[in-house]
Amino acid sequence: MTELYIEGDPIRDEKAPEGPIEQRWDKRRFSAKLVNPANRRKLSVIIVGTGLAGASAAATLGEAGYNVKSFCYQDSPRRAHSIAAQGGINAAKNYRNDGDSIYRLFYDTVKGGDFRSRESNVYRLAQVSVEIIDQCVAQGVPFAREYGGLLDNRSFGGVQVSRTFYARGQTGQQLLIGAYQALERQIAAGSVEMHTRHEMLELIVVDGKARGVIVRDMVSGEIETHFADAVVLASGGYGNVFFLSTNAMGCNVTATWRAHRKGALFANPCYTQIHPTCIPVSGDYQSKLTLMSESLRNDGRIWVPKEGGDTRDPREIPEEERDYYLERIYPAFGNLVPRDIASRAAKNVCDEGRGVGPGGLGVYLDFADAIKRMGRSTVEAKYGNLFDMYQRITGENPYELPMRIYPAVHYTMGGLWVDYDLQSNIPGLFVTGEANFSDHGANRLGASALMQGLADGYFVLPNTINDYLADGPFEKVDETHPEAKEAADSVRERIDTLLSINGTRTVDSFHKELGHIMWDYCGMERSDEGLRKAISRIRELRDEFWQNVKVTGTNEELNQALERAGRVADFFELAELMCVDALARAESCGGHFRAESQTEDGEALRNDAEFAYVSAWEFAGTGQRPVLHKEALEYEYVEMKQRSYK
Amino acid sequence: MNITLRVWRQKGKADEGRMVTYKVEDVSPDMSFLEMLDVLNEKLTVSGDDPIAFDHDCREGICGACGVVINGVSHGPEVTTTCQLHMRSFKDGDTIDVEPWRAKAFPVIKDLVVDRGSFDRIIQAGGYISAPTGTAPDAHAAPIPKTDADRAFDAATCIGCGACVAACPNASGMLFTAAKVTHLGLLPQGQPERAARVVKMVNQHDEEDFGGCTNIGECAAVCPKGIPLDTISQLNKDLLGALATGNL
Amino acid sequence: MALKSAMAVTGLVLVLFLIAHMYGNLMIFGGQEVFDNYSHHLRELGEPMLPYAGTLWIIRIVLLASVLIHAYSAFVLWARAKRATSVGGQRYHSSKNRTGVQRSYASFTMRWGGIVVLLFVIFHILHLTTNNIAPGGPSSSPYERVVHGFQIWWVVLVYVIAMAAVGFHLRHGIWSATQTLGQNKASRQRTINLVATAIAVVLTLGFLVPPFSVLFGLVG
């Protein structure tokens, strides 16, 4: 495989303290250098992205007295895609007195991540989770409550305790609005300077330190240079490399990819989470996929016809000709197996030609039994809003006809490599939220993305970034500095190139084709052969893109085609690295299933002896083979086990 | 289906705009309205024309980025966001008028894209609870009656899309402002700033050149999140209370 | 916002006045003596604490102030709304939703309807209070002024148009004032609208009964 990558020196996280796990975060907070309030005014921080991780960090650092510059590509920081999270946020409050604890949340998360995350980070996440809920309630987040006025909890994603706090099906929205309001308060106070409709297109590294960003004003097209003492990337995940995903249309990898090209390591890019209960694709015009809460699997039964090509009305297919395949294969967990298993099983039955709906890419999620058992009104009370959403999108009535569902790309566990301080290997470059790789290992549990985003932004980063900033303010640089000039020039050049190709294919047509390649070969099941095929096809398509893409208009205007072109160009490079990473990891773990690594009955087979490490990739230059640095993972507290749900 | 579109095209902020007619053929009833625009844009691009600019992001009805006036109605004939409107709501052969939100406080940037920064500035004026990170008491320190929490939640579901302003004959931003005042004013955490908040937010609202409330309810009728009209009454009550207690 | 509250409060003052006014008008069915006595009595109200016509003047000043404040606020808000919707040319080009999604017809009449009412009030005072305009001949008896005037078809027509404008104005105005004064709740909304409609209908009809009675010879 050396024709695809080179193995470099191993790396390790130097920042996580030793000692008992429950004391490590305290130790680190104590050892981190502080910045006195008067000096904070002289220090500046750039934060890219205003989702949970970015907005909370900007607000908190602004409150602390730093000069913050915040950037988002949307027209308002409130629109970041954290807003779309439905389910909830975990916290080890143990308000239910059901045996929950910080240790249990830590344990569940490490296990859920299929033993590919760091114990120290995950323990800290569980510790901080408790404070998040307090903070959000104080901000006025209207979590669901019981009649007694206390907070309600529900259980989520296969854990045995109820530790998920929620606000109907709109928890992400409510948490983000809370962070957004805190951010707006700091904007009004003058401590945060907000730049909406600005997209980061390059990182500026001076003397080895991250010192600024090049952004494009998406309204005027102006290429601006901004400097600071530290740069925080909170720019989200890269699921849109698949074109169709549950991500927002604008979600992209450009900020982190540009940093990667400037030297930041990209960790575990192949770990993607595919969510089993999404509304299937209805035609090739489809622009995005919509998730429906996993809670539907609590009462709905998943099935396909036993025979392929059965086009009868599902209601006319008799019981004995239906295959309730999850209940058949996993009698212990049935329809409630974890996300990755449910997704792969759906793919398998569709690959066998038994899928339903247009293109045969769908399985039934049937509430007929639930309606018979509980009555329609109970089902309506429990799932009414989801049924309405389904009906609005598909035009079918799920009370009458079984829903059709299919898996869709939902979350990316991989991201820029960071240490315990959330600092990348480039000093001064910090990465938070979904943009980093840190806490979820190979698979993320439900209701923990919101937890991580807010933990990073409210509590972790503001306690670690000071250790770096204490050495500042750093040497003053301006636009005439060679590194800044080079960065700005390269951005302009790239834009000019994209605008001058004037080929025959639209950006979206390339993006869709790239998405198909990724979905087919780097989706729910990956194989050596398929990944190699994908890599060569990605390269061909990328070459065609740079020769034949058509971007109309100019730079000096709002030009949405140009914005997308730049993002897709970066997706091409990321896609290749994802495939290389997937190829290098010849084991199955979490969201990464390698066809070559499975048990006799088709379950994922992890290989701890050879692959218990984080793959951190170094960019070696355009057209050069990437360099793999391995960070060994050690488990002192949780014993490594194979998962089984049979 | 075949559809005729009349779309507002405007090159930039300072340019004159006009309605331009396009034909879109082979529209699937399962397409979302925005996907129909995507299809048109692909065609325009291939033929070398400038595609139609419109704001959109999550396409699942929660981010609030999308929003156009369709046949004179904010977000079109179904009470939902533009991204959740599907072509099955129209008939073969229909002519559909598509225009941006129009209000002085929402200047057009290009085509169907408007600048809604005024909404952010209303929030900056006071649409928050001052709770610096790390200062919070335990979440269970103050129980909140479920009815208050639920009503606060209902108001808090506002997505800030601006449909209310576009639908209001006076281009008032009162429903947006009232949703936030109601959300925060119903919670115990929101009490200390309650009087000052409503005054500051309403002043900012007026300063942004939004019109006065007409009380006719077109805003609530098109709100994709069903923010009720009585939130404006709640705002007025809070405002009168604040003025009576000398918060000017 | 203060303007909206001012409109609401003054509007409600004027509604109370209209109710009293209608009650007075209906005394016309008691005949000339009752009606003229009532009119004279209004001037003696509050004596001897207040001079002759003192109470009436206080009421007149309050009403005048209310009308001025109401109209001033309306014009300022109108100007603001015009500014808020000025986007350089027509606001919306689509003609498919000219009547709104759910708004009442009454809500369209507030501004021009309000002006009609204002002009009418001036005419009405010149006609029946000061008698500067005296269709059908002047008189010192209020009863005769009414009877003389309403025997003429176009005078009745003016009153019909004006009362229709008043009715629509009240229909939306009363509801609107409740909302502006913060008294609306989702649970009350229906009731408030019903009450607003009822008051509007009763006042409109109540004011139109005497003119028509005169026109058709039932009075006088």
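Just so it is clear, A, B and C label the chains in written order, and each chain counts residues from 1 on its own.
By definition in this document, contacts are C-beta pairs under 8 Å (C-beta built on N, C-alpha and C of every residue); 3 or more make two chains touch, one makes a residue touch a chain.
None of these values were measured; they are calculated from a predicted model.
Minimum number of contact steps separating chain A from chain C: 2. By number of C-beta pairs in contact, A-B leads over the other of B-C and A-B. The central chain here, found by comparing per-chain C-alpha centres with the mean of all protein C-alpha atoms, is B. Remark: chain A and chain C have CA centroids separated by 63 Å (rounded to whole angstrom).
Centres computed as Cα averages put chain B at a distance of 37 Å from chain C. Centroids of chain A and chain B (each the mean of its C-alpha atoms) stand 27 Å apart. Across the complex, chain B is touched by residues 1-5, 77, 80-81, 83-88, 91-98, 100-104, 107, 172, 175-176, 178-186, 189 of chain C. Of all residues in chain B, those touching chain C in their complex are 6, 8, 16, 19, 69, 71-73, 97, 99, 102-105, 108, 167, 169-172, 202, 206, 209-218, 221-222, 228-230, 232-240, 243.
On the chain B side of its complex with chain A, the touching residues are 11-12, 28-32, 34-36, 38-39, 42, 44-46, 48-51, 53, 55-60, 62-65, 78, 80, 84, 86, 88, 109-110, 113, 115-117, 119-120, 123-125, 127-140, 143-146, 149-150, 152-153, 156-157, 159-160, 183-184, 187, 189-190. Against chain B, in their complex, chain A makes its touches with residues 56, 59-60, 63, 74-81, 83-84, 93, 95, 131, 133-140, 142-151, 167-168, 170, 173-174, 177, 180-182, 184-185, 187-188, 194, 196, 219, 246, 248-250, 282-283, 285-288, 290-291, 392-395, 458-459, 462, 504, 506, 508-509, 550, 552-553, 557-558, 560-561.
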